[in-house]
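First subunit A sits with subunit B, and in the next complex the same chain sits with subunit C.
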Partner chain A sequence: MNDVAETTEVVQSGLGQRILRSLQTNWKRLIILVPFLWLLIFFLAPFFIVTKISVSEAVIQSPPFTPMIAWAEDGAMQIRLVFDNFAYLWDDPLYAKTYLNSVMIAGFSTILCLLLGYPMAYAIVRSSHTAKHILLMLVILPFWTSFLLRVYAWMGLLADQGTINNLLIALGIIDQPIQMLYTTFAVYVGIVYTYVPFMILPLYANMEKLDWTLLEAAADLGARPMTTFLTITLPMTLPGIIAGSLLVFIPATGEYVIPDLLGGGNVLMIGRILYNEFNANVDWPVASAVAIALLVVLVVPMMLYQHFQSKADGAT
Partner chain B sequence: MSEAINYQDRPWMDPDAEPFIKVQSVSKFFGDFTAVDSVDLEIYKGELFSLLGGSGCGKTTLLRMLAGFENPSTGNIFIDGVNMNGVPPYERPVNMMFQSYALFPHMTVESNVAYGLKRDNLGASDIAQKVEEVLEMVELTRFRKRKPHQLSGGQKQRVALARALVKQPKVLLLDEPLGALDKRLREQAQFELMNLQDQLGVTFVVVTHDQEEAMTLSTRIAIMDNGRFMQIGTPTEIYEFPESRLVANFIGNANMFEGRIIENGPDHVIVQSKQPECLFYIDHGLSIQEGSKVWVALRPEKITVTKESTASGSNNTLKGMVHGIGYLGGHSTYRVKAGDTLIEITSPNQSRPKDGNPPIDWDEEVHLSWEASSSVVLTR
Partner chain C sequence: MSNGKRSYFLITTTCFGIAFLYIPMLMLIIYSFNESRIVPVWGGFSTKWYGVLFESEEIWEALTLSFKIATVNACFATVLGTLAGLALVRFGRFKGRTLFNGMISAPLVMPEVITGLSLLLLFITLKEFIGWPDQRGFTTITIAHITFSMAYVAVIIQSRLSGMAQDLEEAAQDLGAKPLRVLIDITLPLLAPGMVAGWLLAFTLSLDDLVIASFVTGPGAVTLPILIYSRVRLGLRPDINALATIIILVVAIGVLIAAWIMFRQQRQRELELKMTSEEV
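And now, the complex of A and B:
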């Protein structure tokens, strides 16, 4: 009897030690597991749910779509996959046009953000230590106010009776208000305004690491400032440009609030279609199909980014 | 009989020679800090001129003003007779090799070297040929397709050198060019540099804080301290005739004795020091009053250590106790205490010690002696 009790105790303490030891050696993997689980639960699971809905049919019930797995009367399991929604997206030129419009607006906004953000990031990096921190704070400062509030503020600025028009009329530059609100222009203003910090910050991080003696070396070898910029600065900051551009382009493509509030009904963007299908038409399957198609549109640039990133990592 | 002096190797002694680089009372201020303090400098064609000095004394700042990365706060810099004030780096006939090499990380060895040539709008075949030649010279042909991060420290240094050389500049500025190399590679590179200077006739200005490197490489050396030149001269002049205690201590080691002039002859002076009590007979005259305070600098290798007294007179000898011995193979260093002063001596080991016993042992009484031409009198 005694013997048995002792052995179990030995086994138990051995097991405890083993767990402890494996914890010690594997703690890095455990730490990685936490964000991984997070992604799995909050990103991958919704993705599968949306994918599932996108291959069902709309019905008037709750939930408003047919189940994927149904039981026939004889008890056999039936799996119903309906690809009509995707076919519908493909056939109706409205959707293609909207996707194209979204990508174009997002792409053009990205270029504007780059043209605006690049010199700003450059100026911040080259400014003195104290000024640098103040300028960076200014870049981040807008995030302290609600995004929605800031977009409403832009409505106030751009409206026919808004601040800008009133000012221009008061100065006698125009006598009829220029329509700015509910135009593509307003959408660009909103997107560029909102997303330019996402361009500046990765560019700043990248330029901060740039070795400025390389620029001196180029000048020393006879390169004029423009040549130095094109042959040294630009290639060296390319990772920052790519990161910033994707951080602007991807969310801008699916943007809903800005085109809805600043574009009104006049600017077609995929975010608004998505919203309408879900809420106005209560056609969840089509809305899900729109979302999945949007994802496909966005996965391509993301994969490009991955490709560049791994190439850049391999180089350093 | 007047003999024609050959100025070929010593252009700075030729009164008719035009300096190639002329620095005229140049100062550089950073805020209220003076990094370079109204220096004057003349460097002649084909020289290998070293700027030597401790950390932060302004060497890099001076070099950067020559390259055009900084503008002098006051004064002028002439290169080949042209005032360089306001001339941007890309229009100056100088190339610089950076302390950190500053190789372009996104380009291959080949493209790094070709970079400067492309800016001169040369034809592709011309560029290829020049790159080929210079890579052969620095023995990097095998590595032409590599990126800088795939090279060793010595190889990077050679790429940096090749990149600066291929432009065939009139002046090559080198900021601590050999700082990152180990001793063996360093010596090899020093001789490569001297060969290049010989073959190409380029004027080199080299910044270093390694005094041995400066001695080996240079035609002339400028010793800098606090943004000023303390002394400019050939390695021999600076070593044998330092003008101040600072220079004597900076180049090599020196035992320093404080004393007073007690006799000032036309061809000699006698200095009496109190600590330790000693009379120095020195074979060079000095225009200075008897009784003034001076310092005598005596190099460690110029002192002879013996067990028995060999000196004939009472001048230039000292008696002391061996306080420490360092055996360094080729030579040994001794620390001898005379009075309260520790004196450092280095002496070559010309024969093997018999029965493992060193000729001079710890705590032995020894006699030190030196020649009249061994020491120098310094007034500051």
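And now, the complex of A and C:
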């Protein structure tokens, strides 16, 4: 408190004093305003721009799209909205197939992550204090290492001349290498491999807060393990299942690196189409329309995630 | 009895899961010491690919750029994320809170291709109207990284704040400290471990990002993931295995040290709390 008074004395000029005083009274507003403005400019505004460009026409110039607002010769403002890009997406069966394929691959990968992640989270929660710390660290560690390099690791394992094929041939199980790289199978492996920690961690956080004596009570009252699991454990861990599933499903749907490196040209996923439309074809309006359409597909799961997240925050 | 059977299943699954997570990385490391140019064909032990790696100027340049971006990003993201976390947990209701909350948690699940595309289009639009950013590269990648990293920092800070007992802050307030004093002298020091964790996370996220950076980068600005990607797209490369080995080892050592420090701090704090409660 003292040094604040001192600084106030030091600042002699009226302006400085006024700024300091307004800082002292308005600091709360400032704390809110700085990150808020950042997000408005760099997170929200870009979406409006994407929306705008998605209703423009592609032209060969820089930037390669027509302005939405143009001035006619008599000075009247013209607003041009072109929905051709969305019509193009709608008419071309390739896009519909790609969206469907992305959602299916992401959905099935989410189920696989759940099947692997749920027992692991359960085992971590129920293990002893030291084992718990070690296991948690083992789950978190890959998350800190490069995502790209972890996907690359699977290229070496799955390639025709790769480790798995070499091993199977050496063991005499197969004569010819099986093609695994550049297939949908490889994409599943890649997604489950890189996203399973995102499933385990929310599940762990949820399970750790549970009242495990309920399970003992159920067992004491004669419930079978399966009954206990279905009537107590599963409903209680549902918030963790939902959070983990959404954390896997949403980013996996728009995944680019995994389908590109492990799926090659054989696996259609929307993230890859968007990237290629933008970089290879330089068709920004279509790329923007693809992005908006992807956002429309994901808006329900995203709002669900937000809903459960704020409910979880409210509970603590 | 059934308990024993179930834990057998749990142990098997967990072992399988851990093996699944670590065998690919282990293979990556083993093949970095392969003499042969063709990655999966073992041609004897050799460290020559590390030599190839260290001689590559491209790699050093990309690494320097990535570290610069990651450092600046982590500092800004920690400040902005901490402010956002404070605002959301401690300031009650305010105008635009719902929008704020939505904007801070959306980057966590937003597909990278969408974030990357939309930020690039923002930068291009800004350049048209105000002439900035003049060229894309360091600045635009850093801004893009701050935008999604601050969301992760905010999540960490939010969970710290809501799990933190408010008695120290209340005591200071009862003794006549103004709210801003309480924030600076009590709340922020208590948040320090969370801020360190947030800084480290933001740093790693930035070092790791390929998709967003490839969208918002310009000619000449090649980050490490962009360089790695352009090489591995064409196939397996032993020098990338060597690079991966170094990255995995550095991260593993870093995480171990961080975990050890946090573990010690936590134990110390528990001890102190115990002592103070005994004194009372």
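To be clear about the criterion, the second predicted complex is superposed on the first by the 264 of 316 C-alpha atoms of A that agree within 3 Å, B and C clash if a C-alpha of one lies under 4 Å from a C-alpha of the other, contacts with A are read in each partner's own complex, and residues count from 1 in each chain.
Convention: a residue touches a chain if its C-beta (ideal position, glycine included) is under 8 Å from a C-beta of that chain, and two chains touch if they have at least 3 such contacts.
Everything numeric in this text was worked out from a predicted model, so none of it was measured.
Asks: Looking at A:Gly222, would you say it contacts subunit B, subunit C, both, or neither? Reply first, second, both or neither.
Replies: first
Asks: Contacts for A:Leu246 in the overlay, against subunit B (first) and subunit C (second): which applies, first, second, both or neither?
Replies: Once the two structures are laid over each other on A, A:Leu246 reaches subunit C alone.
Asks: Touching A:Asp211 in the superposition: subunit B (first), subunit C (second), both, neither?
Replies: In the superposition, A:Asp211 touches subunit B alone.
Asks: A:Gly16 in the overlay: touching subunit B, subunit C, both, or neither? Say first, second, both or neither.
Replies: neither
Asks: If you count the residues of subunit A that each partner touches, which comes out higher, subunit B or subunit C?
Replies: Partner with more touched residues of subunit A: C.
Asks: Would you check which partner chain A:Met236 touches, where first means subunit B only, second means subunit C only, and both and neither mean what they say?
Replies: After superposition on chain A, A:Met236 lies in contact with subunit B alone.
Asks: Just which bits of subunit A does subunit B share with subunit C as contact spots?
Replies: Shared contact residues on subunit A (touching subunit B in one complex, subunit C in the other): 224, 316.
Asks: Within their complex, state which residues of subunit B touch subunit A.
Replies: Subunit B reaches subunit A through residues 67-69, 88-90, 94-96, 98, 100, 102-106, 115-116, 119-120, 147, 149, 163-164, 167.
Asks: In their shared complex, at which residues does subunit A touch subunit B?
Replies: So the residues of subunit A in touch with subunit B come to 211, 213-214, 216-224, 227, 231-232, 235-236, 315-316.
Asks: Mind listing the subunit C positions that touch subunit A in their complex?
Replies: Residues in contact with subunit A: 2-3, 6-7, 9-11, 13-14, 16-18, 20-22, 24-25, 27-28, 31, 38-41, 80-81, 83-84, 86-87, 91, 94, 96, 100-114, 117-119, 121-122, 124-125, 128, 143-144, 146-147, 150, 154, 158, 162-163, 177-181, 204, 207-208, 210-211, 215, 225, 228-229, 232-233, 235-236, 240-241, 243-244, 247-248, 251-252, 254-256, 259, 263.
Asks: For the complex, which residues does subunit A have touching subunit C?
Replies: By the definition above, subunit A touches subunit C via 1, 4, 24, 27-28, 31-32, 34-36, 38-47, 49-50, 53, 63, 116-117, 119-120, 122-124, 126, 133, 135, 137-142, 144-150, 152-157, 159, 161-163, 166, 193, 196-197, 224-225, 246-247, 250-251, 253-257, 260-261, 271, 274-275, 278, 284, 287-288, 291, 294-295, 298, 301-302, 305-306, 309-310, 313, 316.
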